[in-house]
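Just so it is clear, A, B, C, D and E label the chains in written order, and each chain counts residues from 1 on its own.
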Amino acid sequence: MNPEHAPLIEMKNIEKHFGSVIALNGVSLEIYPGECHCLLGDNGAGKSTFIKTMSGVHKPTRGEILFEGKPMHFEDPRDAISAGIATVYQDLAMIPLMSVSRNFFMGNEPEKKFGPFKLFDHAYANEITMQEMRKMGINLRGPDQAVGTLSGGERQTVAIARAVHFGAKVLILDEPTSALGVRQTANVLATIDKVRKDGIAVVFITHNVRHALAVGDRFTVLNRGKTLGTAQRGQITPDELQDLMAGGQEMVALESSLGGTV
Amino acid sequence: MNPEHAPLIEMKNIEKHFGSVIALNGVSLEIYPGECHCLLGDNGAGKSTFIKTMSGVHKPTRGEILFEGKPMHFEDPRDAISAGIATVYQDLAMIPLMSVSRNFFMGNEPEKKFGPFKLFDHAYANEITMQEMRKMGINLRGPDQAVGTLSGGERQTVAIARAVHFGAKVLILDEPTSALGVRQTANVLATIDKVRKDGIAVVFITHNVRHALAVGDRFTVLNRGKTLGTAQRGQITPDELQDLMAGGQEMVALESSLGGTV
Amino acid sequence: ATASAEGERYVLVSHAPDSDSWWNTIKNGIALAGKQMNVEVEYRNPPTGDLADMARIIEQAAASSPNGIITTLADYDVLSGPIKAAVDSGVDVIIMNSGTPDQAREVGALMYVGQPEYDAGHAAGLRAKGDGVGSFLCVNHYISSPSSTERCQGFADGLGVELGNQMIDSGQDPAEIKNRVLAYLNSNPDTDAVLTLGPTSADPTLLALEENGMAGQIYFGTFDLGANIVEGIKAGTINWGIDQQPFLQAYLPVVVLTNYHRYGVLPGNNINSGPGFVTADGLEMVEKYAGEYR
Amino acid sequence: MSDTADAPASDERIKQTSALRKALIRPELGGICGTVIVFVLFAIFAGDSGMFSSQGVLNWSVVSAQFMIIAVGACLLMIAGEFDLSVGSMIGFAGMMIAIFTITLGWPVWQAILITFALCIAIGALNGIIVVRTGLPSFIVTLAFLFILRGFTIYLPQLIERKTIIGGIDKAAEGDWLAALFGGKILTGLFTWLGDAGIIAVFERGNRAGEPVVDGIPMLIVWALMLVVFGHFLLTRTKFGNWIFASGGDAQAARYVGVPVNRVKILMFMFTAFCACVFATCQVMEFGSAGADRGLLKEFEAIIAVVIGGALLTGGYGSVIGAALGALIFGVVQQGLFFANVESSLFRVFLGVILLFAVVLNTYIRRMITGER
Amino acid sequence: MSDTADAPASDERIKQTSALRKALIRPELGGICGTVIVFVLFAIFAGDSGMFSSQGVLNWSVVSAQFMIIAVGACLLMIAGEFDLSVGSMIGFAGMMIAIFTITLGWPVWQAILITFALCIAIGALNGIIVVRTGLPSFIVTLAFLFILRGFTIYLPQLIERKTIIGGIDKAAEGDWLAALFGGKILTGLFTWLGDAGIIAVFERGNRAGEPVVDGIPMLIVWALMLVVFGHFLLTRTKFGNWIFASGGDAQAARYVGVPVNRVKILMFMFTAFCACVFATCQVMEFGSAGADRGLLKEFEAIIAVVIGGALLTGGYGSVIGAALGALIFGVVQQGLFFANVESSLFRVFLGVILLFAVVLNTYIRRMITGER
């Protein structure tokens, strides 16, 4: 929101190679507190790879990451999480055989004292889970339902609710609304809006121009592993943005009946 | 398109229970040749379960399926496929370790004669794969690239291209555009349009009202395992449809900045 | 505990894994004795040949309060405790097959019937030395069991040579045994003798010797008889087989125990069932019953 | 936010399930049913064979306790998504190490035990590190260690002592404080009293005449119960337990949310090695000798007990109580077949059939829990 | 449709890879490297021990061929996503059945062999059907059959013949047309000629002096090569091969697109049983007897060979040629250690180390193929 502030995360010239594949070819980006930064681009442009270097899943082949001005070397996602980066991945991080509440608190288990021991506080976990899920518009049958029995959208909602609940300084969402229904999508967008107003930075990946324009403050478009530049809200029209997202290549000529509806 | 014709598939009062969970509670539907039938509804409404009973993955607990007027009992997807039903599932049917072209032709391997033997025709498979993928707007690095190294959207495109290529009388698409970029989405919608015009029935599941309105002829909305009814194109406004899709429950009150953009 | 009623129950516990074919003769021996004496007999063994499991089986046998237990003493340390406990709880015990008469006395057994492994190996070694053998190959197909090493060690000591690398761990697959023997003899062509520890290793070794043309040329001795071994002896390929007469090891204890329980009579000494060297002379009966009663 | 917050209980999309049925549906159910069936069967077919005399009970209890000790380790490791085929070889190796340290090197027994524990746990960690670093399946890595450890267990004593069995440890262990923790018995006073009071049988003759036939509870059983309680508590009541489930359910997903999956897995490999070492030490202290053939195939027995107890071979699901019941079933069946005087070569056939039966039952139960999958 | 159809070769997002490197990157590479390394090592350390004389070559070839026969079955099954721990027991069982049919029942040998094949393949199918129907992991189901089959192999001959080794089959098989297909040798004429011509060594002493040391190629080797060629062809060149890959890669996905996954898996279980049966028949015909202990641990050896050959334990990836090379490495190492006069109880240690080394190498290669994962 306030580019004059110091950036929370600075990614400088990130490159990432997988074997002989060059997934990222020098991408730079700054993320400021309290802004919703939309990361857009074609399929295979490198968006997921990029945010994975940010959240410690991949180590960049080349390039530098500054977190609050200091160089960061995340060894694994745990480091990123404890630094305050919460991420919802495109391939959801859910364990089908475990209950919803165990999944919700996975890695952040609430504990209560019991004599000299610290115990997992199941009662508290169950309560919070039901409550947070209800906030997102999902009525669970019970907190001990196995995640494997949820529908695709229900699972995605659990992942988002979890990240928001534990989110600290940066919240990264990789296509969070892709499998969501209308009502759940509205909820997620509203949640992004709320979180951002609390001063948390949000990185939001989507293929839906309208969703991006609804909550985004700045828009960075990736194309074939490179950035096509960053635009401020209001400096760009939806149509321009859509063209950029399509990778700069000319759009498929659609029937008139389909035109402009994507 | 022509409800006066005989329906291709008739689903009558389909119920499906998983253990104690009632996923479908009596859903009826007809699908006509040459129409694009949109299946809409909230997360967990039962859309995926419904189309899976249609494509032979699940057997309905109760209810009847008529295919071209005759009762059908699909034992497994193979039966449905040979009856002429091609499906793109929400959880994609791709094998990460196998090459794109082997995946593309999985279950429909082209063969050539070699003496007394029938051999897998790799050359032909590779050529067709590259060609079909290029049509969908994806430039593969090579037909022998492993699917595991493709991005989410790239994989989805392979699945759709495959179903279209082999599709016979009915093409079922479960949220095919959820992970797709703008350009790829446009391609898929155009493809649906083209396929429908060739007289093939399309069942299209989506959460995006605009995508549904762009190509749909009729719209059936599911809610909590039941159908809320079917509407013809033009008989319903986008706003009404969106309300129905949200499950009839009142929408979350969004900030004005977000209103109407979902 | 002298009772003259019939239908006494005796349990024989061995240390051999299920698949060891040599123990078959033992099973036949107790079965026959049981029938003849009109007593109930049972055979038990640890499925994998783990001696610690065998200790549990002896404890179990004692808990089922039979009239007597016949057991091997494959490892004194492991088995002496359970055997003593069985003796203490009033079960009569006879030690068979492995162990020594001294150890049998120490655990409180009535007597010992068998052939101490090391001694048997030693006797065989002395005999081979007399026949001019100076080096040998011991084909060990069950190396993890202590008695196998004792046989080889005894043979080496009887010859008066170091065992060293002359014992090979052959595994139990016939083709592998055959080819390992071939490989060893190929790279150590001046080996004087081959010693095998039972039919499992002897049969493939016979084939190996046939294949490399050393059959009948190389000195070949083996423990324990089997159909092929008897034929080898007959053909002159095998110089001798050490027969510890397992049939007697199983049959006699049942007879002794039954008579002891019915009439209170007991032999005054241990019984040595072997070693008896089976050579080409007088093979007829051996041939007929090899693998069954011999 | 604004929403009709209908309580989940009143959901129209769930069929009514009776409270009893709900209470029954848990991973241990298969184990519980199995235990009941097994005891009923043997009470009928072997009731008068001494199987339920005090001596008989001790007999199958000890065997079951042995299985339990390794099953607890195998269970937690399996839930964490890996398994260890080197358990059996580790048992042989640990026993042999204790023997070599005490007999050949002449160390005090407590020192030999401690060093052996350290060594085994280090090997367990090595197993884990290789699995985690290379991403290889644990089947392969631990299969390699199965061979390597067994090879050393056969080779070392032959090299050093020229035999494959080393005895005399019981004498060396007399009066050793640590050895008593593995080889002793507890409650000997109680059992003497029980024997005197005529409640349990006493020896009738021999040099122990008058002493009770069961003179105490072996430490082996105490260890087994302690490990079961510890494992169950760890798995269900702690944060670490949740991590174990998560690591086995989907390692990548767990890693994404910050569960230190590698650490969890390596620790579980170490715990399995620890359990194998407890098993080996108890055995060595009870029998006084170590042999190269100890522990053969124990890895399968551990895995079978765990699977009978309802755990999922692929990880992420299971229960320590279930594994303990699985070990109990296994022990009772194994010894019970002897009591029931079944032809011993048919033992394996029974074992196979029971295993199949148990897993099919468990699968059915798990399907009820998670809904049809 | 309308699109800039830039050829994939000119993609700016791919680093240049040399053609050589590309040609090398295949599942078999690990096996090829391993084979070269193993041969070089033994040429150095055991070159003068007779390992590479014609007799020596036959020696390790036969052992390798044995492994190959079961490795081909295990490989295809593993690529189809399952594995079979009952292979070893099946070998014992098949041999015993042939023996019982010929010796006890007095059937002609060809009939005994055919019925045994039918029986074993039926048991393989049963394995497969249970796995496919119940969705249980094949580890457990085949472990149960490991016990069941071994139990019968020990029990039946005892019951019928009062012994656990049944011999005399070689005599019964003399002149039998089918037996010759498993037990004979081919090219005997050629080898006699080679021996006479002085190209290969002849026996200098003993009762076969003058005959060539190698007098023909055993049918075992012929079977091994035939099975390898068949398996390789099936896997890479046919539609069914694609289905095998698909079933193992992701059964659900394959089912979705209409691959008859259940049929594929059951057929592969049957093929594995067939291979085990070939192994058993060759063995019985060569040695003339069947024993209850035949085939112990062969299941692991098959799996090890397949994994050394680059297949993925979890299915969906691998190569028959690789498995054959794995079997070759396994056989050469095993026999080579004897030629090199290495202390034989260390054999297991070597085996473990080589297994670890090979899989690490393979993983590295696979990562190169699929990109970093």
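The rule is simple: a residue touches a chain if its C-beta (ideal position, glycine included) is under 8 Å from a C-beta of that chain, and two chains touch if they have at least 3 such contacts.
This structure is a prediction, so every number in the text was calculated from the model and none was measured.
**Q** Using the contact definition given at the top, which chains are in touch with both chain A and chain E?
**A** Looking at chain E and chain A together, the chains touching each of them are B, D.
**Q** Smallest number of touch links from chain C to reach chain D?
**A** Minimal hop count between chain C and chain D: 1.
**Q** For chain B and chain D, which third chains touch each of them?
**A** Both chain B and chain D are touched by A, E, going by the contact rule given at the top.
**Q** Can you check which chain pair, A-D or C-E, has more C-beta pairs in contact?
**A** Counting C-beta pairs in contact, C-E comes out ahead.
**Q** Comparing centres built from CA atoms, which chain ends up most distant from chain B?
**A** C
**Q** Taking each chain's centre as the mean of its CA atoms, which one is farthest from the centre of chain E?
**A** Taking each chain's C-alpha mean as its centre, the farthest from chain E is A.
**Q** How would you label the chain D and chain E contact, same or different, if same means the shared numbers make up over half of all numbers there?
**A** Here the answer is same, because the shared fraction of interface numbers exceeds one half.
**Q** From the C-alpha centre of chain B to that of chain E, how far is it in Å?
**A** It comes to 44 Å between the two C-alpha centres.
**Q** In whole angstrom, how far does the Cα centroid of chain C sit from the Cα centroid of chain E?
**A** Here the centre of chain E sits 35 Å away from the centre of chain C.
**Q** Can you work out the whole-Å distance between the CA centroids of chain D and chain E?
**A** So the centroids are 34 Å from each other.
**Q** Quick one: which residues in chain C touch 2 or more of the other chains?
**A** Residues 18, 143, 169 of chain C each touch two or more of the other chains.
**Q** Mind pulling the residue numbers of chain E that touch at least two other chains?
**A** 1, 3, 13-14, 150-151, 154, 158, 343, 345, 347, 370-371
**Q** Return the residues of chain A touching two or more other chains; collapse runs of consecutive numbers into ranges.
**A** Answer for chain A, listing residues that touch two or more other chains: 18, 21, 91, 137, 141, 149, 187, 190, 249, 252.
**Q** Touching residues of chain E toward chain C in the complex: what are they?
**A** Residue positions touching the partner: 46, 49-51, 53, 55-56, 59-60, 62-63, 66, 92, 150-151, 153-154, 158, 162-165, 167-168, 203, 205-209, 211, 213, 283, 286-289, 291-296, 298, 334-335, 338-341, 343-345, 347.
**Q** Provide the residue numbers of chain C that touch chain D in the complex, in ascending order.
**A** Residue list for chain C touching chain D: 18, 42-45, 47-52, 55-57, 59-65, 75-78, 81, 85, 87-90, 108, 143-146, 149-150, 153, 163, 169.
**Q** Enumerate the contact residues on chain A facing chain D in the complex.
**A** Residues 57, 76-78, 81-82, 87, 89, 91-98, 102, 105-109, 111, 117-120, 130, 134-135, 137, 139-142, 146, 148-149, 162, 187, 190.
**Q** Residues of chain D touching chain E in their complex?
**A** 130, 134-137, 139-141, 143-148, 150-152, 154-155, 158, 300, 303-304, 307, 313-314, 343, 345-353, 355-356, 359-360, 363
**Q** Applying the document's contact rule, which stretches of chain B touch chain A when the two form their complex?
**A** 18, 21, 41-45, 48, 90-91, 137-138, 141, 149-154, 157, 175, 178-187, 189-190, 193, 207-211, 213-215, 242, 245-247, 249, 251-252, 254-255, 257-258, 261-262
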